[in-house]
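Chains: A, B, C and D, in written order; residue numbering restarts at 1 for each.
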Amino acid sequence: MMSQAKSANASKRPLTYQEVWGRIGIYTFLGLLALFFLLPLYVMLVTSFKSMDEVRLGLIFSLPQHFSLDAWVKAWTSACTGLDCTGLQVGFGNSVKILVPSVVFSILFGALNGYALSFWKVKGANVLFACLLLGSFVPYQVFIYPLVRFYAQTGIYGSLPAIVITHIIFGMPVMTLLFRNYYSGLPVELFKAARIDGAGFWKIFISIVLPMSVPIAIVAVIMQVTAIWNDFLLGLVFAGRDNLPMTVQLNNIVNTTTGERAYNVNMAATVLTSLVPLTVYLVSGRWFVRGIASGAVKG
Amino acid sequence: MGAELSRHVKRNLVAYIALLPMAIVVIFAYLGTMAWSVRLSFSSSKLLPRYDFVGADQYLTLFDTPRWLTSLGNLAVIAFFFLLICFLLGTLLAIFIDQNVRAESLFRTVFLYPYAMSFVVAGLIWQWILNPDLGIQHTMHGFGFTDFVLDWVVNSEMVLYAVILATVWHGAGLVMALILAGLRGVDTEIWRATRIDGIPAWRVYVSIVLPMLRPMIITSLVLLSISIVKMYDVVVAMTNGGPGTASEVPAKFIMDNLFERANIGLATAASTVMLVTVLLVMAPVIYSQYFRKSGRAS
Amino acid sequence: MSSVSLQNLEISYGNVAIVKSLDLTIQDGEFLVLLGPSGCGKSTLLSAIGGLVDVSGGRILFNDKDVTWADPKDRGIGMVFQSYALYPTMSVERNLSFGLRIAGIDRATIDKKVKWAAELLQITHLLDRKPSALSGGQRQRVAIGRALVRDADIFLFDEPLSNLDAKLRAELRLEIKKLHKTLKSTMIYVTHDQIEALTLADRIAVMKDGIIQQLDTPLNVYNKPANEFVGSFLGSPAMNKVEGQLVADGDRLVFTAGDFRLDASHYPFAQKVEGGRKAVLGLRPEHILPAKGDAQAIEGKVSLIEPMGSSILAWSNFDGVSLSHLVGQDDGCEADRTFPVTIDVQKASFFDVETGWRL
Amino acid sequence: MIGMKQMVAVSAIAIAAATGVAKAEEPLKAEVIHWWTSGGESAAIKVFADAFNAAGGEWVDNAVAGGSAARSAAINRIVGGDPSTAALFNTSRQYHEIIGEGLLNDIDEVATKNNWDKVLPEPIAKAVKVDGKYYAAPVNIHMPLWIWYSNAALSKAGVEKPPETMDEFFAALDKLKAAGITPLALGGQRWQENSLFSAMLTNVGGGELWKSVYGDKDEAAIRSPEFRKVIETFISLKPYVDQASPGRNWNDTTALLIKDEAGFQVMGDWAKGEFKQANKEIGKDYGCIPGLRPDSPYVLGGDVFVFPKTDDAEQVKAQQLLVETMTSPDVQVKFNNLKGSIPIRADVDMSSLDACAQLGMKIMSDPARQAPDASQMMEESVYGSVQDIVTELWNTPMTVDQAVERFEKALKG
């Protein structure tokens, strides 16, 4: 790219005056924006390491004078939801329980739909897909009541399957879009060759298409982990009492409006709750860009 | 024709079966609930659904409700600025990061991490930072700059921009990732050609590269638009619609009427209006972007 | 081994007819080339033969057995694609054996067949590699190998050499020809490259707009093009075309275009042609020969010469008609000079002005 | 999952059948959905839980922060056919439609036994009684319109004694403003602005206007000069509120009084909890004013538990045991002391209640001053529109005429 060509030259000859200023400009721009983006995280972290006495001083940007992990311990082990004072740890387990099957199945369905849509001729499939895409613009709230009634009738209301199915339903538009676009970038000859080799629908999907989906699957995992882990509303409504996700507990801790607000515990709880998607981003951020570049959004 | 159709179905039977879950989801979960919600918008439902028919009463009430009209206006303002700023900022970030900078992955992570946080967190933390009693203004006053004013969250005139700030912080990284991915896919020969022609870099981006990234741009706009239409959590966490009704949004109006105010009829009328609006705005976009090209042979 | 018969075949996408009521019979062991410009429907037709595209009318018979709606895997075919279409996540060995494994064939047989195909194509040393680690030529060999191991009766080639450079293309062309000689299978080969068509084919089917224009041996297609399209599509340098009139001069027919005249009385007309008929003269450059003192020689003024290595292509003006013709390096043809030639009217073609069909 | 559930159910029956009497000794399980998640609230609900457990039950706690989140969770589970044993609602019309659908069990049996007709204040009884049957168990009475003040702030501004009339109130506000203290602490959230307006309606307009505007939705009352005066007074309070008010939580607002940075706050009696937690004493550090006219109405809000329909005899038993324990006098006193509210029945020992609560109990004993909360007098959708008007009135330059017109439209709607 231009920049690479530029820097290749740069290594051979000294930078011109203009180029030096250009580099300074670039780093200043990126640096300032990085500060802006990091500000909230900074506030969350320093607050979570303060004691309540320090929080009451109201200096949210100052570093903690007495570094303390108490808020974190409290958020994890003993923050209360009503009479239940076991912190976020229970919700963490529940969130994982919801997350894993929801992510796996929503991605599998997305891949399957994308594959069937882009390689197989199914009459009316594109119309269905268009409806699905439009559906993704409708606020969740509209779906909740009928889904409650539906689950109630099938007898799975308030259970793990209910919340997993719900996540599959709401993840389907974007997941299908993602995989469909990725697959339309693959050569159709591959599919033809496999057909001649005698592979059927499932064999092609499992042996050829799925192994080629790694880049886009990473994008899908990142998006779904973020969406499902951060969900509060659906978890609260559908998961049932025994499976309430971590975000519901976070809400209970943060949104309790009586008594003094333990901002340090709130912030620790917030960071703790965001830890899973954050980790996923940190670990696989580079593949995210690569995955998208691999054709996820070629349209 | 009939025989041919059945032969076609038979040959592709497995594909039909495989798409069955999607068909069920679309027909029941999406179309079904939409139809149900449209139906209820013509009823007098309050806390629980009722299946009577009251004509367009709910719609008349809806468009006679100042808060709903405010919500729609706010959504338009948010949509415009959020899309514009998110897009410009995300694109600039991507272009700058693409200049072969050191610590590229660090910058990328910094700009992308807010997307991993929930909207609730985004709203809460920015509410806190912008709160005049606690955040930046308070700190500046502490330094002696007592004339410094940053009161967006408590100022009816500016509160929408506070919401936009928080959402831009949340979403700009996604645009950056998408555009960056697009830039990485641009043919190097294009850069060589423009250098030979002596075209300045900014011109190349504006006139040549960005038009090439059209699919990326559309996808990022579609993803951002989805979050605009559904915008709820961030507003609740940040301003709860206030001061007054200055930062109300349609999804919150629907939610409040659905649950807090036990007014399903009005809520479904509002969501029907949203649905039709989305349909009118998004259908052409979705069609031109994803369906214009004829399907491929298989 | 197998013969292929297409009867009244129709293929369409939506409302667009790609192939229109096509009849074609390919003999057992024949090498048939489908030749035509891109978009003429030849690849679609090949896909239909392979069962990869649903036909909208007509029948496909293999050895008199109706396979119109049979699954691709049940047709006994092997297919090679322009883009190689190798499975990127599998090694060469697994690429070759994939079909056999699906068919549930035992390990020993698979190994034997893979070994045989790999040796035949000289890719034994590549078996453990992934396709991404192969060169273009190697990939295409693997793709051919994948068709080979299937014991196919019919091989379908979809522009298999188009993505290769000229040298490799010639090399693999020869390889395919040898393969056909060894295997004696029926092969159907789609290309837009006339050299491939002429060198490989037993018969060539020239297609345009979903219709076969001519189906004949390479020599006949080249020398006696059935219409103007076939005449100009084949041959490099391209055929000269002159629009004019056939007029009766006594009992002879003479082609005239302005001052240009050519005696057509020795031309083997396929039908009775009356004088005064408008016609297009098709004349290949190599059929306009340097005159060696013949009485019938005509003189042209050379305007431009293009050296082509073994010979020279000259552009000359003959009585107001510009024609390209081949001359030898030593024939002393130079620009801005005159040069005498004779025209072999027996090897020329006349086409109807309206329909373009050969007269 | 379904399979699992059935398996469990089947095996439970099998065990019960095998052991015979074992089932009778099982504690009555009761799952309770509520939104009391803060420290003080948790302590309060623990009183219920302990009492219920002591009476042979097993309290299963299901707390969801946020009233509307908890209520919609409860309603969703009711229509989803998987209801909890009991669910918390406000003393309002929130649950009346569910009763209409036949989705709640009545608790008439316990109510009759305990003579609720006599014991409960009329507005409360009215709120929980539908078609002659009791459908909800009230557990506390909140007066949402107390006026709190900081003693230190007042004396610093030279206010001699807490105001007893509107005029004195405004005089005090002016003095506070002159002294550089925020005169009126307000959390700029819809419901808090609305409390302030209600306080003006009850104190400027009086009990009759309160009932005729919000209760009877009387056109003449809405258009009356008295109601206009209420609106004007409300608007005239704007200059006394600090700039950082919008969006502030009520407890952060109370903290301004605790820190003596503000003079007054209109807030429910739950604010006592904040003062208490900050080790402030009634009388010494802060005080409570029930109203700014001698006959100011005492607005009765509060919380109730409802009991979703179930055919399970064990569950019905659990529900009745819940009602019984939660409304018993001892538990009432203990609970309300922690909750900051006052007991639902007058036949309790008041001695352990704090000064403000005792004052409240005294006023409430006069039926003429009892007034139902606004949410009990209109449907939630109407009340929602009213709240929208109030918040816009506060935050935009709406004229009195426009306000009157909109009130009329919303209330008559």
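Throughout what follows, contacts are C-beta pairs under 8 Å (C-beta built on N, C-alpha and C of every residue); 3 or more make two chains touch, one makes a residue touch a chain.
Owing to the predicted nature of the structure, the values given are computational and were not obtained by experimental measurement.
Trainee: Based on CA centres, what chain would you say lies at the far end from subunit B?
Mentor: C
Trainee: More contacting C-beta pairs: B-D or A-B?
Mentor: A-B
Trainee: When the centre of a chain is set as the mean of its C-alpha atoms, what distance in Å lies between subunit A and subunit B?
Mentor: 15
Trainee: Which integer distance in Å separates the CA centroid of subunit B from that of subunit D?
Mentor: 37
Trainee: Using mean CA coordinates as chain centres, what's the subunit B-subunit C distance in Å?
Mentor: One centre to the other, that is 54 Å.
Trainee: Distance-wise, how many Å sit between the C-alpha centres of subunit C and subunit D, to the nearest whole number?
Mentor: Distance between chain centres: 89 Å.
Trainee: Can you list every residue of subunit A that touches 2 or more other chains, as numbers and ranges?
Mentor: 121, 144-145, 192, 251, 254
Trainee: What are the residues of subunit C that contact at least two other chains?
Mentor: Where subunit C meets two or more other chains at a single residue, that happens at 47, 52, 54, 71.
Trainee: What parts of subunit D, by residue number, touch at least two of the other chains?
Mentor: Residues 72, 79 of subunit D touch two or more partner chains.
Trainee: Let me know each pair of chains that touch one another.
Mentor: By the stated definition, chains touch in these pairs: A-B, A-C, A-D, B-C, B-D.
Trainee: Considering the complex alone, what residue numbers of subunit C touch subunit B?
Mentor: By the definition above, subunit C touches subunit B via 13-14, 44, 47, 52-54, 56, 69, 71.
Trainee: Flag every residue of subunit D that touches subunit A in the complex, lowest number first.
Mentor: Checking each residue of subunit D against subunit A gives 1-2, 5, 31, 34, 36-42, 45-46, 49, 59, 61-66, 69, 72-73, 76-77, 79-82, 249-252, 255, 270, 273-274, 277.
Trainee: For subunit D, which residues count as touching subunit B in their complex?
Mentor: Listed in rising order, the residues are 68, 71-72, 75, 79, 94, 97-98, 101, 188-190, 243-248, 379-381, 383-385, 388, 391-392, 394-396, 406, 409, 413.
Trainee: Can you check the complex and tell me which residues of subunit A touch subunit D?
Mentor: So the residues of subunit A touching subunit D come out as 80-84, 144-145, 148-149, 151-152, 155-161, 236-237, 240-241, 248, 251-261.
Trainee: Which residues of subunit C touch subunit A in their complex?
Mentor: Where subunit C meets subunit A, its residues are 47, 50-52, 54, 71-73, 77-79, 81-89, 98-99, 102-103, 143, 146-147, 150, 158.
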